[in-house]
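Just passing along the structure, written as structure tokens.
Chain IDs A, B, C, D, E and F follow the sequence of writing; residue 1 opens each chain.
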Amino acid sequence: MDGLNKFFEFSGFANATPGHIIMLLIGLFFIFLAIRYKYEPLLLVPIGFGILIGNIPFVENVGLNLGIYEEGSVLNYLYQGVLKGIYPPLIFLGIGAMTDFSTLISSPRLMLLGAAAQVGIFLTFLGAIALGFQQAEAGAIGIIGGADGPTAIFISSRLANGLNNTQNLIGPIAIAAYSYMALVPVIQPPIMRLLTSKAERVIRMKPPRTVSKTEKMIFPILGLLLTGFLAPGALPLLGMLFFGNLLKESLVTKRLADTARNSMIDIVTILLGVTVGASTQASVFLTPQSILIFVLGALSFIIATAGGITFAKVMNMFLKEGSKINPLVGAAGVSAVPDSARVVQHEGLKADPSNHLLMHAMAPNISGVIGSAVAAGILLSFLN
Amino acid sequence: MKFDLSALDADSLFIALIGYLIVFISLVLLYFIFDNLPRVLNLLKRMAASNEKLKENPPVSSKRNVPGEVNAAIATSLHLYFSEMHDEEFTKLTINKVSRNYSPWSSKIYSVMRSQMMNK
Amino acid sequence: MDGLNKFFEFSGFANATPGHIIMLLIGLFFIFLAIRYKYEPLLLVPIGFGILIGNIPFVENVGLNLGIYEEGSVLNYLYQGVLKGIYPPLIFLGIGAMTDFSTLISSPRLMLLGAAAQVGIFLTFLGAIALGFQQAEAGAIGIIGGADGPTAIFISSRLANGLNNTQNLIGPIAIAAYSYMALVPVIQPPIMRLLTSKAERVIRMKPPRTVSKTEKMIFPILGLLLTGFLAPGALPLLGMLFFGNLLKESLVTKRLADTARNSMIDIVTILLGVTVGASTQASVFLTPQSILIFVLGALSFIIATAGGITFAKVMNMFLKEGSKINPLVGAAGVSAVPDSARVVQHEGLKADPSNHLLMHAMAPNISGVIGSAVAAGILLSFLN
Amino acid sequence: MKFDLSALDADSLFIALIGYLIVFISLVLLYFIFDNLPRVLNLLKRMAASNEKLKENPPVSSKRNVPGEVNAAIATSLHLYFSEMHDEEFTKLTINKVSRNYSPWSSKIYSVMRSQMMNK
Amino acid sequence: MDGLNKFFEFSGFANATPGHIIMLLIGLFFIFLAIRYKYEPLLLVPIGFGILIGNIPFVENVGLNLGIYEEGSVLNYLYQGVLKGIYPPLIFLGIGAMTDFSTLISSPRLMLLGAAAQVGIFLTFLGAIALGFQQAEAGAIGIIGGADGPTAIFISSRLANGLNNTQNLIGPIAIAAYSYMALVPVIQPPIMRLLTSKAERVIRMKPPRTVSKTEKMIFPILGLLLTGFLAPGALPLLGMLFFGNLLKESLVTKRLADTARNSMIDIVTILLGVTVGASTQASVFLTPQSILIFVLGALSFIIATAGGITFAKVMNMFLKEGSKINPLVGAAGVSAVPDSARVVQHEGLKADPSNHLLMHAMAPNISGVIGSAVAAGILLSFLN
Amino acid sequence: MKFDLSALDADSLFIALIGYLIVFISLVLLYFIFDNLPRVLNLLKRMAASNEKLKENPPVSSKRNVPGEVNAAIATSLHLYFSEMHDEEFTKLTINKVSRNYSPWSSKIYSVMRSQMMNK
């Protein structure tokens, strides 16, 4: 029965390896987390299902064109958006069209916390080098500390894409970034309690002032010019982020902003999620590097959190009574918008049930996004 | 071009036969699985039921459980405190929109954003 | 007047052939059917208008870049989505996001009817070979019996795309598939009456049980794993179908499901329809092969219908009184969702005005889609 | 760069002339067509009128004519029979949504689907 | 400090030139016009911001891949839609799906005005040649007189794209076209008053008759066939325009029309606007040619306006009392939909506060779109 | 693979240091700008205030100022004059939709179109 053999050879049963099974379980776990605990469902569901699709065992390079790494396969075409770094800027466009920068404009000094937290990126970068990764790869790994999925994917598509003798680490880096972003509520609280005294945790802050429409319109324009001149490498990300935000704030392009923050970002999210997931084919994903990347990622989140909090405490030394900053707010500097801001809110309530820090936490939270994009831009110009 | 049965080599017949067979196998298997799924689920539910008790209130989950509405409400009230122009309708809007939240960073940003968008 | 000549040479009047006129009339007829009888308007209008666009007589390969088969023309760029098989999986994604598998989950035994009806595919495959088509081409032609536009386009883009000395039959196969799907209400009833006795047509079936949310969430996941392991070749289609369905059923990714089943599928449908239509350029389309394909297509629909009904009658031999199946329901196994299910409903009402078979017919109707996708996967792995 | 009329070769003048001419021809033709269209349509309507009588109730057409509303209603009632959670609003929803139906297989699936979606 | 140097070399401060500053100011001016005066905001905001993005000074060809003209940059990928002429037809698809051709069907004689105004295109074409541009380039420049952004972009992507030793004039031509379209309310009124007597400006016209659904369905079909046969070169634009319109008027494809005129056209507009803007990189844009193009563009708008008005007066010589045309309406023939129609309405009201010309002006206004697309088609077939 | 600090060359340390520095610089600058923006804006507002008086009613601007509502209203009334089927609701619809207007030619076409679409 030659026919039956051929069928069997092609079936998943003939080609399954322990690796496939492990990855399938991971995929199921992601989906479980998303549905059961609502951890980043809009990302974990597509990524999780993508992991399943990518790890159904099939024969590669027999013209079947199923694998995401096989030229001519549908997945491979859709994966180009990740590989060429096209999806992340489009997602930033949508984000800009849905993000309100008011809090950041009204209390600009809190932006510094968003800068401070980026220490996680650079220490992780050094750590990765110490662990033997090449500079370029190390830069991509470091950005995990930016707690920003699209930024991590974009920079790894540029620095750790398997070209000019780097390894293709896009999959592991993306998965690590999103996993830890989902786990922020688990990772941050202990560090926050460790580094702050009860007295600090109960500090109350003045409510931010209201912001005028004009200020909101000017922000994306000045933001672009400033960051663009300092770190042109960040343009693809920040250019689109501020573009989307101007579409929103100009008040004369409402329909474009609506499309950007709805159907457009949804379509890109679906394609990005499922292809990033599928790119974790066991053969490519289950390597010692991946494990190291996950370790480094965890560290970078911890360092970033500590960095934000510590800097807040340092600032307090120079601030007079009444205008002091609640150091918990510093933890929001890692971004992972808006989870870390919510963690701050939650920890603040624990210390003083009537002290709402959410709005204050949003400023470092969002500036953390700008901060890590700038960091990405710098690393790109130095390392590519 | 004429209809020529002799063109039907064994190979093609095999393919047709096996193909049809596999189509059946797949759907028969799906049949068996979903015929028994309810039973399996009940079993799991009973097991899950016990886990629930543990899972229901650990730090993580509880952190997560600050429900969107509550939070939006907080954000709103916080906001109303220093916002200038706002009215009942807006507030309602905010609370309602909580479900439609989204962000590639997190699916909860939008609820927070909405409440801020109010002072536009 | 050299200028006028040149203009005239380029104009449609100079280049029109009887073939062009015939195709233009066919295009107009499609549009007429869609508007006058609402036959699949969402497909026949774009396809019909595409036929018009593709058959306006123009000069090819003079740098004008108008033809869909001319590299560098807009149509050619948009046609890549068909040629590379990218559009069909995206359409399946949207379908998954709008399809409710409850009926299928609640009465799984009816799935077998969806399997049985696929006999049309394989007999047509053999018939095509007997008519002198190559194996690969025959496989693509056979899928017409799957009564599933996207599947037919996807597989013909893989097996009969003009490469490795096959002919490009995408156009004829797609047009045939959609035409007969539109004509299901004309094709099926006579066969149904021929193969069933009055006594069988009045059989009543128990209403299906309600299905839990959990079951609905599990379906796409198990569906993917099972079909993926058995027929990896079906992954591009079924992977996306089940992915879309999970987006819908997970209940935590509502906005993604909404976009997938609305703007995303609409955009793809517009582009797929108009380019498939335009790909029927007279020169390529009006061939003896096309006629043979239409004949084979008609046969495959008839065989598929008969297969579904007969298998239902066979099943009844083993089912005890009270749980018997109304054989009319078998006809819905060809898919052509949901037209054939509606035909069943209508024929059922004719036999017994109070016997509604619609819900029962949906199960084989939808499983027929899975069935033909699996068949496509198998044929791909054997024939490419 | 200076303005040099001598650069205007006959060819270019031809192109401009003929181009403008053809633009006119196209729109003049469109003018004639749509100036007379109403008359033509009345003619066709009269012819169509007779065809109508034949076309109105053959098997096909009648099959087709099971209007979406009716069908959705059937599906709904069928459904309500074995559905657990449902309320007035849902039912209304179903009927209303009938128009927005869609599927690459057929533009009528959605109406059927809607009614099933109710038990979610 | 080698490191700091390297950073500085990459920063905008090191690479800024007067050209960059000029372009940045132009970009800011576009955004200002859009927000302050609501001039074409849906285009000027994206184009303006695109100009900013494209003129942030960065180092090119060092692997940073930021420039829109650097292969592998995100902007370059998105720019392909402009360069290959893919975006304009998709925009025409959306336009067709949102445009109502009733006025044009109900008073077809006014279409002639839309034809007459195209004189601007051909005289500008000759003018450009007299100024030393090559024929192909001249053709692209002439189309500015069509007052139709997408058409101008499409034809320049075909005739003045930097290939077969033409210069890449897409940027200047697109910017010129959109700038003057925004300035129509400034350019047209003086010419209108100059060429018409008070007596002519107060002419009243009969309200157009109502149009039947059938006529509306037939229009896009006949429109396609007629223009397609006469000027196949216009197919990519008019084919899509009429396709979109049929989706709208067929009444059986509502959901497709909705998507085409909303999310689809929005997405394309965002991408087209920002990339066209970014394509005005100082190095490419600030050339004597650009200035000549702006001069020629202004002329073409003036000539077109005059052409429309004059032809209306000529027609009046042959029209009997009571059915005469208000020559102001002729000015709407340039298209720039619907601004020039509004200018007509406004000038009409000035002459007679109770004489509303808006509806009458829409007919030449829309037929002007068809007219310039046909002109584009002709020029393509002669010049490519 | 072991953790080997000796792998940390000067170059890498530089990059890390300078990178972190620049991140700070960017956000510090943003801080200064937006800390002073309100003051600057007030200044500009005062200047603008005077310009307003000039800018408010020149030909252009006034032309522009035919507000969409008014125009839609005109178009509507014009339309109702020769339209057959129309009702209150449609008219309302028209006026409401005025804001959602769009066209790559101009962002004002849609308002005009809407009012015409009524006789469909």
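We adopt the following convention: a residue touches a chain if its C-beta (ideal position, glycine included) is under 8 Å from a C-beta of that chain, and two chains touch if they have at least 3 such contacts.
Keep in mind it's a predicted model, so treat the numbers as computed, not measured.
Common neighbours of chain A and chain E under the contact definition above: C, F. Traced through touching neighbours, the fewest hops from chain B to chain E number 2. Chain centre most remote from that of chain C: F (centre = mean of CA atoms).
Greatest centre-to-centre distance from chain B is found for E, with centres as Cα means. Mean C-alpha positions place chain C and chain D at a centre distance of 21 Å. One simple way to say how far apart two chains are is to compare their mean CA positions; for chain D and chain E this gives 28 Å. For the pair chain B and chain F, the distance between mean C-alpha positions equals 34 Å. Chain centres here are Cα averages; for chain C and chain E they lie 40 Å apart.
Chain contacts: chain A has residues 3, 7, 38, 41-42, 230-231, 252, 255, 262-263, 269, 378, 382 touching two or more partner chains.
Listed for chain F are residues 11, 15, 17-18, 22, 102, 107, each touching two or more other chains.
Two chains count as a pair here when they touch; such pairs are A-B, A-C, A-E, A-F, B-C, C-D, C-E, D-E, E-F.
Those residues of chain B lying in contact with chain A across their complex are 11, 14-15, 17-18, 22, 59-61, 63-64, 66, 71, 74-75, 78-79, 81-84, 102-110, 112-113, 116-117, 119-120. On the chain F side of its complex with chain A, the touching residues are 1-5, 7-9, 11-13, 15-20, 22-35, 37-38, 41, 99-100, 102, 107. By the touch rule above, chain C contacts chain B in their complex via residues 104-105, 108-109, 111-112, 114-116, 118-119, 121-123, 125-127, 129-132, 135, 138, 212, 214-215, 218-219, 222-223, 226-227, 230-231, 252, 254-255, 288, 292, 367, 370-371, 374-375, 378-379, 382-383.
Of all the residues in chain A, the ones that touch chain E in their complex are 84-86, 89, 93, 158, 217, 221, 224-225, 228-233, 235-236, 239, 242-243, 246-247, 250-253, 255-256, 258-260, 262-264, 378, 380-382, 384.
Within the complex formed with chain D, the residues of chain C that make contact are 1-4, 7, 37-43, 91, 94-95, 98-100, 102-103, 147-150, 181, 185-186, 189, 207-211, 213, 216, 249, 265, 269, 335-339, 341-343, 345-346, 356, 358-359, 362, 369.
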